[in-house]
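I've put the structures underneath this note.
Common to both upcoming complexes is subunit A, partnered first by subunit B, then by subunit C.
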Partner chain A sequence: MDLVIAWRNLWRNPRRTLIILTAMVIGITSMVVLSALSRGMIDGMVDNAINNLVGHIRIQDPEYRVDPSIIRRITHPQQLLADITPLLPPGADIARRIKVDGMLGTSREHVGVIIVGIIPENETGISFIGRPVHQGRMINPDESGDLIIGQALLERIGARVGRKVVLVSQNQEWENVSRSFRIRGTYRTELAQTEKVYVFVLLPVLQEMLGVGEGVTEITVHLEQGKSGKDDGLAELVSALNTKIRDSGYIAENWRQMLPAISAYLEMYNGYMLIWFIVVFIAMGFGIVNTMLMAVYERMREFGLQRAIGMRSSRIVRMVMVEILLLLLFGSLVANGFSLFLIKIVFGSGIDLSLFAEGTEMWGMSRVIVPALSLWDLYTANGVVLVLGLLVGLYPAVRAGRFTPVEAMRHL
Partner chain B sequence: MSIVEVEEVSKIYHQGKMTFKALDDVSLAVDKGEFIALAGPSGSGKTTLLNLVGGLDLPDSGKVVLDGNDYSKMGDGQRADLRLERLGFVFQSYNLIPVLTAAENVEYILRLQNVEKAERIERVQSILDEVGLQEKHNSRPDELSGGQQQRVAVARAIVSNPAVVLADEPTANLDSKTGEKLLEMMRVMNEKRQVTFIFATHDKMVMDFARRIVSLHDGKVAGDQKKDE
Partner chain C sequence: MGDYLLAWRNIWRNPRRSVLTILAIVFASGLLVFMLSFQFGAYEDMIDSSVRLSTGHLQIQAKGYQNRPEMHKVIKNPDRLLGKVAALDGVDAVTVRSEAFALAAGARRSRGIMVSGVRPDVERRISSLPGQIRKGRYLRDGDVNVAVIGALGAERLQIDIGDECTLIGQGRDGSVAATVVRIAGIFKTGIDEFDRTTMQIPLSDFNSIFSMEGGAHRIVITTKALADDRPVAAAVRMMGEASGLTVLTWDEMTPGLRQSIELDLIGGIIMYVILVIVVAFSILNTFFMAIFERTREFGVLMAIGTKPFRLVKIMLLESLAMTCVGLLTGMILGTAVTLLFSYYGIGMGESSELMAQYGIADRLYPRLSPLSIIIGPAIISVVTFITALIPALKIVHMRPVAALRG
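Let's look at the complex of A and B:
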């Protein structure tokens, strides 16, 4: 009965109820949709970072991160690979690489780059270089004189596919070694900055040029888990790997350890979201309280009547609370429907930011943001609205319970 | 024993710095089954006295006892419970909850009393038929005339089998013919069910119907007249 009364009371003044509902829809939708967009942005950032030759797990010489030179290398990767492969979950991809600083020279200029030696077929599904090339084609395992550079770098040095350039680096005796390569193709990535930095050659060619035999600077593992947030078990896997390879002197790290800034940001992110939800709610909450107070004062006489015929004031408080709860539930139902519609249908295929790409890239963001609806955001946004809504709703409800029958009945 | 006992009751209203003595040392005893009118000019304290009898307000001195229950010894919630079980109210206007139909308004009080559904429906049906609203069970208050609304209010006041029905100017907004019908109906209820009725009124017709008239003047009892049949 309380429910029936509450529901009918809500539609007694449809305009007022619609105003509250609109406020709720705007509030909740902005919470849910904007959080999905910024989650999508962050997922994109993490994916970019992981695909940016980081991988989920990387094994390397512990000194390499401070001093990324060819001296800090894994001399016998085959042994290490044999050790770790049985520990990896199905679907994991492994790549061996050499990554060293170097210079790319044309007849006109020299540009600082990072030279990456890869085995092309191992990179598929692991990093951006495994994706189809932009211009030209991928290097074949027998084309030792070829290289792939980023489209942005190609444009920067004013070259074309088919031209020759010189790569210079240092071998383990700190001697400069150089070799000329033909540009076989270009790649594109989400970030133009990446395109300007990495140049790719065949791993055996780089090994030979640097005189390191079988040696590589890193072994990268890419797990089949897709989205950034869901890395359950990653830490356990890494510590299992480390136990296994303890005696080798190398260490395995996960991407959170390799990208501490992004990782820290992710950790604080839920907190930011909660604060932001509460801020949005405060704006909305004032509207709810005000409107409910108006509704309660308008019905003062009715409450007086109910008290007179024998209703306890606690019951009146409860009735008003039921009404507020109904309003909140109804509002969040509509708002969530609308949010899902926006996220799945309107923004479903992503928002293309390439027009502004110059500005967004410095944050490591993708050119296209695909909203990522997280259940945490959904539950928290609705939870904040329901819990705080009921909490602020107590004020008008208690007011309604305080009207004495005599004063209420005199009030017309 | 009297069903209502009012003993040396005074009620003072405060309005800002002004105080106003609305009731001054009023005593009154009402027996079960009486049909009694509190008469007197406007401002004489009729509504105030009725509110005290209904436990809607407490006196500043003296005591009010309903069916053996002394209001001054009860909390707010207990007084509400007592009203629910032992009293019925009919006010001058706005007696009904606007979002409920006539039947739901009457049923409402039985729900508060936790009466079983089947019994509720049956009691609501029969009381609405008794007050002559056979056709209007499912009408909302705003679809009813003033007289019909008052009938629903009487039905609600009676349906819970109260000991006393308090009616504050129940006929004031009705034309005399409609008012007379309402009074006749209440008289029948009074005789049939032995329910005590206390009216506050300055309507001559109500006084004609009443079997006892207590006159108030400036917050004091100015006369107490019983009609013998």
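Let's look at the complex of A and C:
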């Protein structure tokens, strides 16, 4: 009954209600849509970082991070693989790699690179090198003298596919070893910096060149999940892996540990969003209070009369609060529908920032931002509006409850 | 004058409503002043740290060096240009740097590194690097066969202060360049990429090791103010000595920096405009209410001959007065808060690690400027004026008789 009365009271002055609803719909929509866009941006950053040969979990020698040289290697990866495979969830992909510092030389100049030895078929779906090549073709086991370099590096050294270059690195005796390779193809990534740094050769070829037998420097696990909010259980999985491989002397880490800067930002990210939600709420909060105050003062005589015939003031407060609750719920309902429309239909295929390609590149962002609606954002945005809305609504409601019959009758 | 007084008094007929409306404007304008000052401060810090650490405000290079830096692309006669550039208006300092890629080897480990030849005395004035030495000392004039290296590079090569490091590369003429340097200092800028790949040695050493024969790769110029970059660039381009060379400004050398600032600014402005529109709708009801509750009054005034446009004017004055009070208060409050934070700084918390990769300090200092004070309130006054116009124009269509009945 109260609900019906409150609903009708709300529409006594349709223009006023519509105006404040418009303010709320714009406000809540901006909260939801902008949070989905920036969440999409962050997801893109995290995905780019993980696909940048990081993976979700990596097993390596604990010293490798500060001293990425070939002596910090996993000497018998087969044993380790047999140990960890049973622990991994279905859908997990595993890749073995050697990653060492080196130099790439042409007849004219040398540049610093990171030489990566890969098994091409294992990289599909794991990293950018598993995607189709940009020019030429992928290296394959029949052609051991081939390598793949980034398109940006190819342009930087002014070479063409088919040219020969020399790779130099250190073997485990600290001797420089070099070998000549033919550029078989180029790859492209979101980030030109990546293209300039990584060159790829076949794992067995690099193992032979460095004289390390079966050895690899890392085992990377790619899980079927990924997005920032959805990696519950990753920490548990990593500690289970570490327990299993404890005796080997190697260590498993998840991407949050490997990318501390991005993870730290992710930790703060929800806080930033909450601040934005509250700021937008304050902007519409003034309007909500003012509109409800007007609605309440207009009905002063009515409230006075109700008090005069014996209605308790707490009942009046409750009625006004129900009205505010309905206003808030209706506003957020419309706003969420509108937001979904914007996110799925209008921005569904993403916002293209190619005009700012070098700017997005600098931050490791993707050129196209696809909005990613997270439940946390949705609940928090609506939660902030409902909770704070009811809180500021107390002012007009309590004011309505305080009208005395005498005061009300005098007021024309 | 009477109209102004009338408008002012009308505002205070319903003080609670007017105060809430004004507060909404105070909040929005104060917030915008603070946020824009904060953003502008951060941009200036980013540009400054990039300019100080690597590019300078301007550089003169041989054509094609920027995209494909190769040893043989040199400025043949840098000294003459140097003297003339230093005399230009707006130039703060000017120096020469040359760069070569070399294989650096410690006792056991070796890796590729960018070796940069610099003039220590001038670098102290224009570069932030000498201030970021964590161990040992920076280069000095007269130093021979010494080097400073980034902390991560030193870690990878497992070398420390006093250790020797062998450099092998290729000279300008294609000959083999080799030398041994002693590490005098280790720097840490916080930008991992830079700390991993950079080494500096005195320019005189560099020239002899890499057979530069008097050539140089970059003439680096810093200007007194950021805005001086383009005028100075234009002046340098006019010089006869600069023919055949290119003059690049900082944003041409680091386009990513300029673009990410633009991107952030556009994103910010979109957010602020949305915020201001929300505020506008929040206060639109007040403006409507102020008119509708006075319909009878307007009826009387029109019946005795007041022109409707005068009433529109009074209503607009009323809302403008509220907006102005709100804007002024907001600007004062926003300025005060900004000044407070520009004194103490704002900690970036856990994000500072990510920010450090882009040369952003762990405390950010908002910077008040005429622009950051004006932009926000300007957006607000335009939007609120439109907001006030919509209800005020209703008066034009009022008929005295109907209004009197209402």
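Quick note on the criterion: the second predicted complex is superposed on the first by the 410 of 412 C-alpha atoms of A that agree within 3 Å, B and C clash if a C-alpha of one lies under 4 Å from a C-alpha of the other, contacts with A are read in each partner's own complex, and residues count from 1 in each chain.
Here, a contact is a pair of C-beta atoms (placed from the backbone, for glycine too) under 8 Å apart; a residue touches a chain by one contact, two chains touch by 3 or more.
No experiment lies behind these values; they were computed from the predicted model shown.
Of the two partner chains placed around the shared chain by superposition, subunit B is the only one that A:V406 touches, whereas subunit C remains out of contact. When the two complexes are overlaid on their common chain A, residue A:T22 makes contact with subunit C while staying clear of subunit B. Once chain A of one complex is fitted onto chain A of the other, the partner contacts of A:V111 are limited to subunit C, with no touch recorded for subunit B. Contacts of A:Q306 after superposition: subunit B is touched, whereas subunit C is not reached. In the overlay built on the shared chain, the residue A:S314 is in contact with subunit B alone; subunit C does not reach it.
Counted by residues of subunit A touched, the larger count belongs to C, out of subunit B and subunit C.
When the shared chain is aligned, subunit C comes close enough to touch A:S69, but subunit B does not.
In the superposition on chain A, A:R8 contacts subunit B only, with no contact to subunit C. With the contact threshold set out at the top, not one residue of subunit A is in contact with subunit B in one structure and with subunit C in the other. Those residues of subunit C whose C-beta lies close enough to touch subunit A in the complex are 16-17, 20-21, 23-24, 27-28, 31, 68, 70-71, 101, 103, 108-114, 155-156, 158, 169-170, 197, 255-263, 271, 274-275, 277-279, 281-286, 288-289, 349-354, 356-358. On subunit A, the positions that touch subunit B within their shared complex are 1, 5, 8-9, 12, 301-302, 305-314, 404-406, 409, 412.
For subunit A in complex with subunit C, the touching residues are 15-16, 19-20, 22-23, 26-27, 30, 34, 66-69, 101-103, 108-113, 156, 158, 168, 170, 174, 176, 260-262, 264-265, 267-268, 276, 279-280, 282-291, 293-294, 353, 356-363.
Of all residues in subunit B, only 51, 54, 56-57, 76-77, 80-85, 87-89, 91, 94-95, 97-100, 108-109, 111-112, 156 touch subunit A in the complex they form.
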